[in-house]
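Labels A, B and C are assigned to the chains in the order they are written; within every chain, residues are numbered from 1.
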């Protein structure tokens, strides 16, 4: 079946074809860009955090009496948590990883605080911190119990040693081995790098330097005290109420919440997840609508061309020739829409990248979208085309 | 004529119910997707205190690092919060009618009842003008007076929810509650107040619930309270005590001013610049003079409450609606042309082109409105679905997914426009049919 | 050429059975010009549809060009219609969206002939009907008579064994009708068998032989006697265009 006569017939009935082509063009532009956004979001949500998320829960407490014995309480709590069967390790921590809340400061590779410094999202943890977070040290060692600063009110004092992620290490010392090097605070106080973490995400999942994490050997203090507890696989949900019931007994403080780390992660990524879900729904609806448009046009064409189809059958067209005719016709319409759609998709992609700081549309997605829409068009035409092929050739001899 | 055309429209719907359903369905889905995204957009871009847009201003001073701006992407913007010492200085100006210096903290509430659980409460530490400037409604009592802010008096305003949970909803003014280890006397109970977005403090997100407990600003220093919002510091300073902290260049106080006139607003702007210049002489504020007063609309834009995602969604939703409209044009064309012989007959019997055009336009408009109503139902379902999707733990989204009368009328208007846009061409085309063409047998 | 024996065609609905053709016999030899007449409802159209392989039938046998076509599949029927039969319809049945050239081209496309072969056939067929100069026009730009002549060209282009004409002048005025009949006679003289279904006795008289159908049966069947001598044989196929 050749294209030219189909094309010339098409050009005499432009309206319907143009309407479908416009739909295809808009659909391609929206679908390709939406899928691109969805994939980015899914990739973002699925990034490895370096933390044993699945087996960690947080206990957030707040004390409220004057002279609350926080030092003794922290010691007792940590002893209890670390001794609890099923617990791998527990630590106090100044902020909840992946939660959207945390602290950062700048680190320098030379004293004097000159230049930009490397921003680091720091977590204050005890000697059990590495085990509690379930992160992997690629070189060096963890903190010894002796170096952990006891609970202390507000202070500008820096720490003697720190553990940094490979990201931070590379930014501070691009050319040399960072382990054992000295870094400086804004006030030029020195600290030595004693360990390198392979990879770990900090508090702010939307930050482009989310992997810039530093651990300080400090016991979190004093009003609001949070514990990060890592359990053996499967023990987390069982231990949460047990821990809450125990800690709640201490007078002079309340347990604000006991929540899994997954809760905070989900909340941090909720906008990304909702965007992905919403766009997916839009895509499904859009493809459904576009298919409906294609189906509608093909059905209308079959109805209004019954006589013509009968005549073609009478003068020798086989059923499959008729099916092919409509499929080729749809392919032509879809393709013309796709040509416009590619331009539109690139324009929308450009607009998104300019105004919303999204990465420029990846062309693979466009290619995928083109093949996808070709398929959708053919599938939506198949049913009316098969109906057309069942028009009896005897229709040709009917006078009305 | 209109009633006759409506009658004809009904006959047409009955003649071809599937196609009619598809047309209404396509419009409905387009409207629903647009309405849902617009509802989210509308909720976030909403100015909850629009009537004070010319009076109420967020006050900012650029106290930041000489080396780099507070916001790398928008270097022209000063930091959104003030240092403690600047907040105290600004409170001394008598130009604004109301001055609000505040921050969010947390306190543990003990109502003194044996059966009530001791519980952590979000607490706003603020000057009493908070309630006057933001038009916060009171159920009982009222704000504390200015004296209570000076040397802090143990007075507290509680939310309606706390009053209900703690006192069963009675007028609790005059009763005391224990916050941490100190008794506070209740001077006011708020009525329901849920501004969305929470424009007055956007540190912790734009859809938070307002705080449950409000205590005078001076308690912040007296009790050495820390902010539960953001605290940002740029300067290398020794901070070894709360006194060091309040003297530091760290910003953590939100400051608002309300003016009775534009002249006062201008006067305060010059006063502010004068204050900044004086401070420069003392070696502070190393950056160029950059003090701004933002009204609520500008403040919402400054804090990018409407996210980029929201804008992308609205853009895509309108492209989606365009697809639906184009689709409907096709469906209507097919529907009208399949009954073209009837129109040919009408023309032969004396109907003018205009009559045929009007007849079909009425048909389309009714269909568009039906699609709009269906779309509203779908949007309500969709928004309900969104509410389910957002975990119940963050119920602030409830206000996001609430469709107000403005949105409903916008949706209906949109469906009307979509219907007309979709129907204009098919109705015109059918009006141009030559009567003879469709009267012959073939 | 065409040999039908004992053919029966029954249309069934839930309530009634209609015997459109019963025990129908007809034989047509190569080169004949046969007119099939009968009142409306007699089964003329059913005969036409069966003869043209447009419809199947229940009983009897149908041999077309020495091949039994009684029980063959749909694709094979399409091929036979395409190669052996030329149709001329009362309402022309030109495809309105295609120009004259492309209309004549339609059956040739389904036969998958080469482009040059098709071109030769189309132009020679349009030459025969005298419309070679109009090949870029679309049907709506032609008169009824011209449209029917295009339809005849379309039927001839495939070089069929016989032409099946269904009231070929039914939609034409008398002058145009006469021109079309003249053309059919001319084609018949050139050697193409023609079977024409009509209700018009005047038209029927111009054929060599009349067959009348009443109540689904041939009532006035004169078996063919002696060979028919064509005056000349002029082919219209590409290969033999010079004739």
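Just so it is clear, a contact is a pair of C-beta atoms (placed from the backbone, for glycine too) under 8 Å apart; a residue touches a chain by one contact, two chains touch by 3 or more.
Worth saying up front: this structure is predicted, and the values here are computed from it rather than measured.
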item	value
Central chain of the complex, centres being mean CA coordinates	A
Relative to chain C, chain with the most remote C-alpha centre	B
Geometric centre distance via CA averages, chain B-chain A, whole Å	26
Where chain A and chain C are represented by their mean Cα positions, the distance between them in whole Å	69
Whole-Å separation of chain centres (CA-atom averages), chain B against chain C	76
Set of chain A residues in contact with two or more other chains	399
Chain C residues counted as touching two or more neighbouring chains	91
Residues of chain B engaged with two or more neighbouring chains	442
Complex contact set, residues of chain C against chain A	45, 48-49, 52-55, 74-75, 78-79, 81-83, 87, 89-91, 93, 95-99, 102, 105-107, 109-111, 138, 154-155, 158, 166-167, 170
Residues of chain A touching chain B in the complex	15-16, 19-20, 22-23, 26-27, 29-30, 33-34, 37, 62, 64-66, 113, 153-157, 185-188, 223-224, 254, 256, 263, 266-267, 270-271, 274-275, 277-279, 282, 285-286, 289-290, 292-293, 296-297, 299-300, 303-304, 348, 351-352, 355-357, 399-400
Chain B - residues contacting chain A, complex	19, 22, 26, 29-30, 33, 106-108, 110, 118-120, 180-181, 226, 236-242, 244-245, 307-309, 311-313, 315-317, 319-320, 322-324, 326-327, 329-331, 333-334, 337-338, 386, 389-391, 393-394, 429, 441-442
Chain C-touching residues of chain A, taken from the complex the two chains share	1-2, 5, 8-10, 12-13, 307-308, 310-321, 392-394, 396-397, 399
